[in-house]
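Shared between the two complexes below is chain A, which pairs with chain B and chain C, respectively.
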Partner chain A sequence: MLKLLLIGIKDLKLMFRDRAALTFMLLAPFLLTIGMGFVTGRFSGRSTGLSDIPVIIVNLDKADLGNALEDLFHSDDLTDLVEPTASSDPEAARQLIDDDQASAAIIIPEGFTQSIIPAEGTMFDSNSVQPDPVQIEVYTNPSRPTGAGIIKAIVDEFVSRVEEGRTSGMTSLSQMMASGLLNPQDAQAEASNQFQNVDQTESTAITLKTNTEGSQAVEFDLLAYFAPGMALMFLMYTVSYGGRSILAERSEGTLPRLMISPTHNAQVLGGKVLGIFFMGVAQVGILILASTMFFQVKWGDALGIVVLILAAVFGATGWGMLITAFARTPSQVASTGSAVMLIFGILGGSFISLERFPPFMQTISKITPNAWGLDGFTTLALGGTLRNLTEPITALLIMGAGLFVIAVFLFNRNGLVQK
Partner chain B sequence: MKKILAIVWKDIIIRFASSSELLFFIILPIVFTFLLAGGTPSGDDDNRIRLLVVDEANTTISQQIIQELENSTAVRPEVTTREEAQSQFDERRASAVFIIPAGIDVDSLQSGSAEVEMLQQPNNINTTVQERAVLTAIRRVSSSISAAQNAVNQREAKQPFASDAEKQAYFESSLELAQSIQADAPERVTVVEGLTEDQIEYDPRANSSAGQLITWVFIPLFGISALFAGERQGGTLRRLLTSPSSKATFLLGTISGQVVMALVQMLLLVGFGILAMKLNWGREPLALFVILFTSALAAAAFGTTMGTFIKTEGQASGLSIMFGMVFALMGGCWYPLELFPATIQNAVKVLPTTWAMQGMLDLVLRGGGLVDVLPEAGVLLGFAVLFFSVGVLRFRYE
Partner chain C sequence: MPNILEVQNLAKNYGDFTAVKGISFDIKEGEIFSLLGPNGAGKTTTISMLSTLYTPTSGDATIGGHSITKDPMAVKQVIGVVPQDIALYEDLTARENLVFWGQMYGLSGKSLNSRVDEVLEQIGLTDKAKNRVKTYSGGMKRRVNIGVGLLHKPRLLFMDEPTVGIDPQSRRAILDTVKDLNKQGMTLLYTTHYMEEAEELSDRVGIIDHGELIALGTQAELTKQVGQTDTLILRLGESDDPETLAGALKGLKGVQHAEVSDGSVAIVTPSAEEILAAVVSKANERGIKIRTMEIREPNLEAVFLHLTGRALRD
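Right after this comes the complex of A and B.
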């Protein structure tokens, strides 16, 4: 065991002496993480999700329903979601949207309330002129489709509530009049009663039961996805760098020298593998620490992070060994390693979330430690704990062990670690 | 000239000695172009908030509710199983789950026993939006039944029904009336799309094709530094001193060889863009050549300068990939430059990738011609002059 450790630590020390490799393993993913931070708006506060959607409300109705809709946008329920501003000029409001100053403008025309709740004395008077329908205008900003869509949905929900109340009131009154339980003289008073709170109608046919579970809100930090994404991509370079050292030692003659020492072949190979594993853990660990220090990334459960890093490096080490087992020269390992690094980077979701890929690509991505690792990091960043990591950790351990067995078989067949 | 051609030929042989070079030369660039063209966000994406829906009822009513959710401008329903939804909810990958349990049908609505459920993550702003969308959907499906029920209740409060049959008849006539009122109801909301100009000019295919072309061509051109470092390390540069070849011949041969290979690689990727991605790369051949050539020169010049600072081949290849990837990301080759903060957009103008990308987008995205790409080509040529000057002045055989 001691020999195993000595060989592993020796390789780790060698890595830290290779400034070029260190630059590539640590600086490159760090710089790319910074770039992703800019792209995603993490550094400029654009990435915090939906909140404070700017909306301009022009209430020309100034009656019950117009006021109720305006009040809705100022309610406690929506206080974090929207940021309403009142205006009295529809044209000015539209211009603000055209100038990209808000997500949408809601223009409630004069007479909106009256078009839904008829004026006193006119509802059952066949001689009175019914008002023309008046439409609320939602003037949307096409460059902010999500915010505009949400504003429209809030208005829709309000209008559907009002419409249900109106339909219900009209139906009840008409039916009671038809069955003689309500005379036209009393109908107006009853109608006023029915329409008084038309904007607060609750559905009676279907009840929506809401169930809020858990106790703590978690704000997902985009860098908790992209920082490990880059670290895992460059981890593939590191494991192939480690594998390259096995072939380099053979061509430089230090591997045969190790073989003639009183050290078992398995110890030599195990030591080299341990060295690769140490390098990977050091690389990912340093990048995670640096991201925590410089960008205050919220990673989630610390124990989960440690176990996940170990499992991801183990899985990647398996790939490093397999690449080494197939290659004949250190430069072959280097070029194959770089190619695998890039392929796994894109397949594993380091550049783009896997959700954007078609299902078959998502299935293929499961061969990469990147995809499983990122799955785990995402779970933790969303508030999960080590208990929720069973699947990715098991997959990474099986991947590492399986690839290691294949690599050992190939090493033996090629006589790489034969005395 | 013969010597220059001999150096070019030698470098081509060395580069393609291993068949794995083809992987980096054409296969990976095509794979990346293809994947990023389909995977990066485009203006046509559905930006609505995802809402997991579990439909255990599978009735006309439940289908109508889901259809109403499909019409929502705020949420995008995704029908799944209860197990999958619960799993995603437990892992906090879904902010809410809307469950339509078995038994939700017209009868249950009429009896008032219909109850749907919504699991919500606490203090999550998305759930406010999702809940409103669900309420709108269930109201649209059930409001006439609600209205009929309400009419029955009000009638019953004034005068009880003589029999169940009378009550049912009252309900049915109320329902008919409610449906008729609902059908006659005018649209009360109109949506007008503003004239806001989209700040981000973006077509995933064009951006991916141009961006990946730059990424995969610039990295090997930066790798000229590795050629110099390798020859210096191996002592072959010193040997050249003893031959009747000047420094200029060696530099010209090495650099022009790499630029020619870069142009071939670019043309192959442009061909892929035209044939497989139906992009209009070939509309202005002269403008295309100008921007490709000046881009290759600028990258080769940067590689030459790098080669005079770097000591070993290992350092050079690592740094070439690092600079290539970082310059590509920051130059807008992977994601639109408009996504970066304004200060960064200005700062990255010092990178050749920024200008190469803008020039290529002028051609393939904005439909520009030679005159439109001349400013970018001029800046790239400026980069080339600057970096070649530094590189040649600093170049040493040892």
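Right after this comes the complex of A and C.
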């Protein structure tokens, strides 16, 4: 066990003396995190991540539902998340968005309420003509995709709940009338009452969706997504760098020398794996510390973070070992490792949220430690604790152990050194 | 003296290729034994099997009474290995390298530190111990490479061509170190393709070629095998072809072998003085200009030439 540790510590020491590797492991993800911060408006001063998203509301409806939507954006639940401004001119609102003054403009057209709630006396009149549905327009700012996406999601949620309420209300009223429980003359009053409930009760139910139990409106820092995203992507570089060191030691003669010393082969391989693990933990740990110190990123539950880092690095180490076991030369590991880093980075959600992926891509992403790791980090940043990480941690541990077993099998088959 | 190493029919195959063909020899405690042979003769493969890195295809060896196939961990405690290629961590300092490798051999604490100091003194790098190995010259790296093999005071030290590719001064220092270690009681198995090194260092020499041990004994015993012979070395003008002259001399009376070695013509003969005139005449006939001549007494080079028909460095 001591020799295992000594080999691992030696590899960690060598990593910290390799300036080129350090640049790639620490500086590159750090700079990319800063870049993502700028892209998402985290450092621009116009917005601080997912709070105070500037939105312009143009309410031309001036009726129940239009007012309800406007009230929703001024509600206590969304007060930290959005910063609404009222306007009466749709063109002026669109111009402000084009000028990058806000994330989105919501234009509620005249007659919106009426297109949902028919005028009094016309609801059950087969002779009356129902107006065409009127669409709410969400004019989004492409340079602020995240903020715009949030606004659009809130409006979609509102519209869908209004539509849901309208459909269920109409169905229940029709059934009540058919069964004689409701007189046709009372139906209009009952319908109006139900639609009032639609815009009032449902609106307060809209909150930012979180993965945690007991969902409540929480402030989510985008860097708490992008910083681990970048760290996890470059973690794949680190584990392949560690794996490469196994083959480099083989070609440089230090691996045979280790195996000539009174050290079991399992200790040598175990020590090398431990070295890769140490490197990964050091890299992710440093990046998280740096993000906390320089960007005040709120990562969430400390214990959860520590356990998640260990599990994510374990899962990634399994991939590093597998890549190494398949390669014949250090340069093969380097090139394969870089490709895997980029593929897993994209597939695992380091650049684009996995929720934007089609379902089959989301399923494929589960082979990456990035996806599981990001799932865990997002959960923690949204207020979750270690208890909420059972699924990602279990998946990462199974991934690491499974890949390690395959890698050891391949190493044994091919021989750690030529025999 | 008892044998510290006994090799019995040790062989190593790689598919159809046989790298080592069932060699047998032993080494007595306290002696320097050289395994002399050209590149590719099987020296490193033999060392790799004896140091338990490679598993023999057949045969076995005992070191300090332990079988290399049945009890490799016990063997590893007895031996030290200085590999042919420098096997160090270049981003660590010499001291850090020695400390790490000492730990791999079970040293720790004060005994490790004092042993590292001793070895640094022994290899003459105390002053530069805190410099990273990558800043060292080739000769200095070779010395650290040797130092690692000495850390745990092995009873038997394998040195695999430790002087390849270094300057004459560093080479001299390494040869002196080998002699000093032997004087301190260490047994050495030294492989080389330099005949001069084997002659200078060895109590006994094994000559290996194409995986076979073709001769074994003291230097005197080996040279006796070729009888009272001289080696006549002819160095020719730059434009002259040594192969042409060697071919012409092969049939000459008194010439046992005539081969090209290092661009010169090497002739094995019972008496160099008696064939000198005929050799010069043959050269003149073919318009070949002999630049210098050298007569060498019987040596290991002559033995190798006698046994294989080839020069050692071919």
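Simple rule for what comes next: the second predicted complex is superposed on the first by the 243 of 419 C-alpha atoms of A that agree within 3 Å, B and C clash if a C-alpha of one lies under 4 Å from a C-alpha of the other, contacts with A are read in each partner's own complex, and residues count from 1 in each chain.
What we mean here is this: a residue touches a chain if its C-beta (ideal position, glycine included) is under 8 Å from a C-beta of that chain, and two chains touch if they have at least 3 such contacts.
These numbers come from a predicted model, not from an experiment.
In the superposed pair of complexes, A:Lys10 makes contact with chain C only, with no contact to chain B.
Using the contact criterion defined above for the overlaid structures, shared-chain residue A:Thr167 touches chain B, although it does not reach chain C. Once chain A of one complex is fitted onto chain A of the other, the partner contacts of A:Thr390 are absent, as it touches neither chain B nor chain C. When the two structures are aligned on the shared chain, A:Leu27 is found in touch with chain B, with no touch to chain C. After overlaying the two complexes on the shared chain, residue contacts for A:Pro262 are found with chain C alone; chain B is out of touch.
Ranked by how many residues of chain A each touches, chain B and chain C are led by B.
When both complexes are aligned on chain A by C-alpha atoms, chain A residues 18 touch chain B in the first and chain C in the second.
By the touch criterion given at the top, residues 3, 6, 10, 13-14, 17-18, 252-254, 256-264, 417-419 of chain A touch chain C in their complex. Those residues of chain A whose C-beta lies close enough to touch chain B in the complex are 18-21, 23-24, 27-28, 31-32, 35-36, 38-41, 43-44, 49-51, 77-78, 80-81, 94, 97-100, 116, 133-146, 148-150, 152-157, 159-164, 166-168, 170-172, 174-176, 179, 181, 203-218, 331-332, 334-336, 338-339, 342-343, 346, 351-352, 356-358, 361, 378-379, 382-384, 388. For chain B in complex with chain A, the touching residues are 18, 20-21, 23-24, 28, 31-32, 35-36, 38-41, 47-49, 72-75, 89-93, 104, 109-110, 112, 114-129, 131-136, 138-151, 154-155, 158-159, 170, 173-174, 177-178, 181-182, 185-200, 312, 314-315, 317-319, 321-322, 325-326, 329-330, 334-335, 339-341, 344. By the touch criterion stated above, chain C contacts chain A in their complex at residues 48, 51-55, 73, 76-77, 79, 81, 83, 85-89, 91-92, 96, 100-101, 103-106, 132, 148.
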